[in-house]
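Order of writing sets the labels: A, B, C and D. Residues in every chain begin at 1.
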Amino acid sequence: MKSIINYLKEVICGVWSLLKGMAVTGKYFFSPGQIVTQKYPNNRKSLVMMERFKGEVIMPHNEKNEHKCTGCGICEINCPNGSIEVISKMITTDDGKKKKAIDKHIYRLGMCTFCALCVKNCPSDALAFGQEFEHAVFNRALLIKVLNKPGSQLMKGVE
Amino acid sequence: MEEEVKQTGINEQEEYIINMGPQHPSTHGVLRLVLSLKGEVVKNVEPHLGYIHRGIEKMCESITYQQIIHLTDRMDYLSAHINNEAVCLNVEKALEVEIPDRIKIIRTIMSELTRIQSHQLFWASFGMDLGGLTCFFYGLRDREKVLDIFEETCGSRMIVSYNCPGGLMYDIHPNFQKRVKEFLKYFRKKLPEYDQLLTGNVIFRERTVGIGKLSLEDAISYGVTGPSGRASGFSCDVRKHEPYSAYDRVRFNEILFTEGDTFHRYFARIQEMKESMNIIDQLIDNIPEGPYAVKMKPVIKLPEGEYFQRVETARGELGVYIISDGNKNPVRVKFRSPNFVNLGVLNHIARDFKIADLVAIGGSLDMIIPDIDR
Amino acid sequence: MNEGKVFSLYDFTALTKWIDTGLHHAMSPFWAVITELLIIGVLILIFYALIGLFLVYAERKVCAFMQNRLGPNRVGPFGLFQTIADLLKLLFVELVPIKNADKFLFNLAPFIVIIASFMAIAAIPFAKGLHAIDLNIGVFYVMAVSAMGVIGILLAGWSSNNKYSLIGAMRSGAQIVSYELSVGLALITVVILAGSMQLSVIVEAQRDGWFIFKGHIPAFIAFILFLISSTAETNRGPFDLAEAESELTAGYHTEYSGIKFAFFFLAEFMNMFIVASIAATVFLGGWMPLHFGAWAAGFNHVMDFIPPFIWYIVKTFFVIWLMMWFKWTFPRLRIDQLLTLEWKYLLPFNLVNVLVMAFIVLMGWHF
Amino acid sequence: MNKTELVIFVKSLSQECEVKEGRQFAEATVPASSLHSLAVQLREKEVCSFDFLVSITGVDYGQDLGAVYHLRSTKHGHMMVLKVRTNDRENPHFDSVTDIWKSADFLEREVYDLLGIKFTNHPDLRRLFLDNSWGFPLRKDYVDDINIVTK
C-alpha cells in the first residue's frame, strides 16, 4: 500500500513540477510586452551605440581637415597583430626646418582585434574608436583603410 | 619523425563508431568526439582536438606582456575578463607593483559579472542540450544585460580586453554602479524562473541525477576544477584558497557538493550565480576613489625567473606560467586552461551511459573549445 | 431531394447529398464515384497544404512568444508569408544525392510518411456532414493508419546509410510501438462512454455536453493521457527522440534535403493536426458548440450561432497550442525514460482509467 | 608545510635532486631517471601528499628540453614545482606520470605534441592537436615560413 502511495506521490510531484515550468512559458506567451527582439536594420535610426563602443579605429579630423597624428609610430609598435602601418615622410615646415610627418596611416580592419592598445598609447591622442560596426564588404581589400584624410595636415600645436 | 600511433579499442569490429563533431549541435564548437557504441550505450569516448588550435602559447613568445592580454581573451571567451586578470596579476606580481584598492575592487566586480554571464550561458546551452530550447533564449536574454554593462564600460561585449598590467584600460563608466545594481535587482527576480523551468523539472532531474558520477578521488586525480570539481566535493576554489584581487575582503561560500553527478555540476553553477551576486553586492557601494591604473613603464621587462599565477575562471582553475629571461618578450608562456584538463575526464565519466547522457555530461562540464585548443 | 438545397454553414449534409445526386444524374455510377474521389482528393490536398503552411507559421510564432521573441516578422505582415517563402526555398533547393544509400527505399520513405497522414484525414469529421468517409470503426481506422507512418521513418533511417539516422529510426520504432497502446486505451475510455467507434456518432453523442465534462474525472485523465501519448506518437518534443537535434543532429531525416525533407516536415505537422483533431472530436465534442445543460438555454442558443466548422478549428488549434506549449517548455526525455514513462506510468493509469470508466458507464453515473 | 620545510623534506626523499627555494614555490630539479620514483613518493607520503597535478609545462630552454610539473596538495594546500631536463633534442624522453595522476594523460600528450618530448609508459601517446606531419612548434628552432610572420 505504501508503495502505491509513493507511486502516486511521485506522479503528482512530477506533474506539479511540469506545471510550474509551463507556468513560466505560459506567462511569457501572454505578456508580449516583454519581447526583447530588436528589429535591427529597421531601427538603425534610433540605434545608439555605447559611447565607448569599439567599432573601428578612426583618426578624428577637425573642420579644417587637421589631425593630431605626428607619425611617431607608437601605435604601430604597440599593435599586437600588425594591423597598423605608419608611412611617414619628411616635410619642410614654414620656418625652413625639416620635420617628420605622416604620409599614410594604414589600418587593416580585417586584422584588428580591438585590443585598444594603439588608442590608449597614442601620445597625442590622435586615434579614437568609431561607432561604426557594419563593416561587411565584398572585397577584402576594402578593409585596408587609410586613416588620415587626403590633404590633411597636422593640427597646430601638436608635437 | 617516426610516429607511434597506437591502436586503441576504437577500431574493433563489433563496435558501432560514430563521429560526434566537429560539426555537431551539442559539442558547442569544433570538438570531435569519436564514440564507440553498443546499441545506445557509449563504450568509449575519444576526443580529437585541434580544430581551432591557434598556437596562442607560441604567439605569446614573440609579443610583449601588454599584448598577451588580448590573446587570453580568445581562449575562454566567456571568462575573458578573468583570463586577462590572470596575466595581469602575474606580471604585477613579478614586478612587485602595489595595486590600489580601487582597481582590485573593480576587477573583482567585473570578474564576478563575467562569471554570472558565463553561467547564464551555461544554463542556456545546457537546457538546449537536453532539448529545452526555451532555456536558451531566456539565458541569452538575461546575459544581454551583463553584456550591456560590459559594453558601456569596456567598449566591447564579450572579448573585453579591459585589464592591462598595472590596472585597467579605462576608468569605469559613471553609470556603472547604477547599471550593476539594476541588473542585480533584475536578475534576482529572474533566477527563480530558472529553477522552475529546469532545476525542479522532473524530466530534467531524471536526465541528470545520478548520471556521470565523478568521485572525489577521481576529481582530484583528473584535476577537474571549477564548479565541475566542486560538485564532487573537491574544494578547489582559488578565490578561497589563494585570494587574489579583492576576494580576501568579501564573504562568500564555496559551493561544495559531494554527489558529483551531472545535476550537481549544474546546480553548483546556479548556486555560484547567487554567490557572485552576493560578492558584487558587498563591493558595488564600496569602490574607493583613486587612479584606475598604476603608471607603468611603456616597455615591461619582467626580471629573470618563473612566475605562476592561478585564478578561478568560470570553468575552473586557470594557471598562467611565465618564464622570463629579462627581455620584453617571455621565453615561454603556458596557460593551464581548465577546460583542457576537464575534458580528460569525459571518457571516464561518460562510459557506459547512453548517447543522450553523454550530451548531458558534456554539457555539464561546460566546455569551451577555444580554451581546450588554445 | 432538391428541397434541402439550403447551403448552410451549420449542416453540410444537404450540400454533399446534392453534389452526390447531381453527379449520379449526370454520369454512370462508376464515373460518379471516380469524380467524387477526385474532388475529395483535391480538396484534402489543398486543405492539407494550407493547414501545413499555417501550422509551421503558428509553431514559430507560438514558440517565439514563449521565448520573448517576435518570431517571423519580415516576409509579409507579421511574417505571414514566411512559410510560403520557406516552401519555395524547399522546392528549389538541390536534392543532395547520397552515396551508398538504398535509392528506392530512400525515395519511398517520405511518401509513406505523408500518405499515412493523408489517409488519416479522410475519417475526420470537420462539420456536420463534412467528412470524406464515415467509417463505423472510425477511431480504430485513424489509429491504425496514423501508426503506419513509422514504417516510413524506419525506412528513412535504414536506407540513408547514416548511423545517426539509423539510431533515430530505431528509437522511433520502439517509441511508436509502445505509445500506440496508450493512445488506444485512452480512446477506448471514450468509446466505452459513447458506445460506438463511429466518429460521427461520437460527436453526436456530445450534443448536450462534451465528453471531457460528461465523463467525470476518468474522461479528463484520458484526455491528458491521450495528449501525452499522442505527442509521443507524433515524435514531437519532449518526445522528439527520433530527431533529437542535440544528440543525433536530425535523426532519421539527417540525409534528406529539399522537397523530400519538406515531406517529413509537413507530415510531422499534419500528424500533429490529426492527433489534435482526434482529441477535439473525441473529448471536446468535435464540431459541437459548447453546451451546458438545459438550465443555460440562452447561452446554448448563442453558441449555436457559431458555425460548427469554426468550433472544430478552434478546438483543434487549442489542442495544438497545448502540444506546442509542452514542446517549448520541457527538456527531452531519454529513450529508456520514454519507455519507462509508457510502461510504468501511462499504461497502468490507462488501464485503471478504463476500468473506472466502464464502471461509471455500467452504473449510469455519467451525465 | 611552508616553502622551507618542503625544501628540506624533498631533499630527504632523494639525494639526486637539486632543491631550492624559488620565488613562489619550492623547486626541485630531478634527473630524468628518478622523476617517476620521486613523483610517487611526493604523491604517497602523508606529510606532503601532492595529489593534484596542476599542470605540466614543456619548455625549450634553448639547449635543453624540459618539463615543469606544478603540484598541489589539496589536503595541506601547499604547492611545489618539479623540474626535469634533458639535453637530448633528437629523442627526448621522460617517464610518464599517468599512473600517479590521471590528468597527466592529456597534459603529457599536449607536451609531446608541441615539443616532441616522449613519455615512456604513457598509455596512448599520440599527437593531440596537430597531425603527424607537423614539426614541434613550441621548440625554439621551429621554422614555418608561411604561418609565422615577423616584422
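Points to keep in mind about this one:
The rule we apply is simple: contacts are C-beta pairs under 8 Å (C-beta built on N, C-alpha and C of every residue); 3 or more make two chains touch, one makes a residue touch a chain.
Because the structure is a prediction, the values reported are computed rather than measured.
Each chain gets a centre from the mean of its Cα atoms; the one farthest from the centre of chain B is C. A straight line joining the Cα centres of chain C and chain D is 64 Å long.
Centroids built from CA atoms put chain D at 41 Å from chain A. Chain B and chain C have Cα centroids lying 46 Å from one another. Chain centres here are Cα averages; for chain A and chain B they lie 24 Å apart.
Touching of two or more other chains is recorded for residues 18, 21, 24-25, 36 of chain A.
Multi-chain contact residues, meaning those touching two or more other chains, do not occur anywhere in chain D. Taken residue by residue, chain C touches two or more other chains at 66-69, 328-330, whereas all remaining positions touch fewer.
Taken pair by pair, the chains that touch are A-B, A-C, B-C, B-D. Within the complex formed with chain B, the residues of chain A that make contact are 13-15, 17-18, 20-21, 23-25, 36, 50-54, 78, 80, 113-117, 120-121, 129.
Against chain D, in their complex, chain B makes its touches with residues 1, 3-6, 8, 49-50, 53, 55, 57-58, 62, 218, 220-223, 234-236, 241, 305-308, 310, 317, 319, 321, 323, 331-332, 334, 336, 340-341, 343-345, 348, 373. For chain D in complex with chain B, the touching residues are 22-25, 51-55, 57, 59-61, 68, 70, 74, 77, 81, 101-103, 105-107, 110, 114, 116, 124-132, 137-138, 150.
The residues of chain B lying in touch with chain C in their complex are 16-18, 24-26, 40, 127-135, 137-138, 141, 197-198, 201, 203-204, 206-207, 354-357, 359.
Taken in their complex, chain C has these residues touching chain B: 63, 66-69, 163-164, 167, 237-238, 240-241, 244-249, 328-337.
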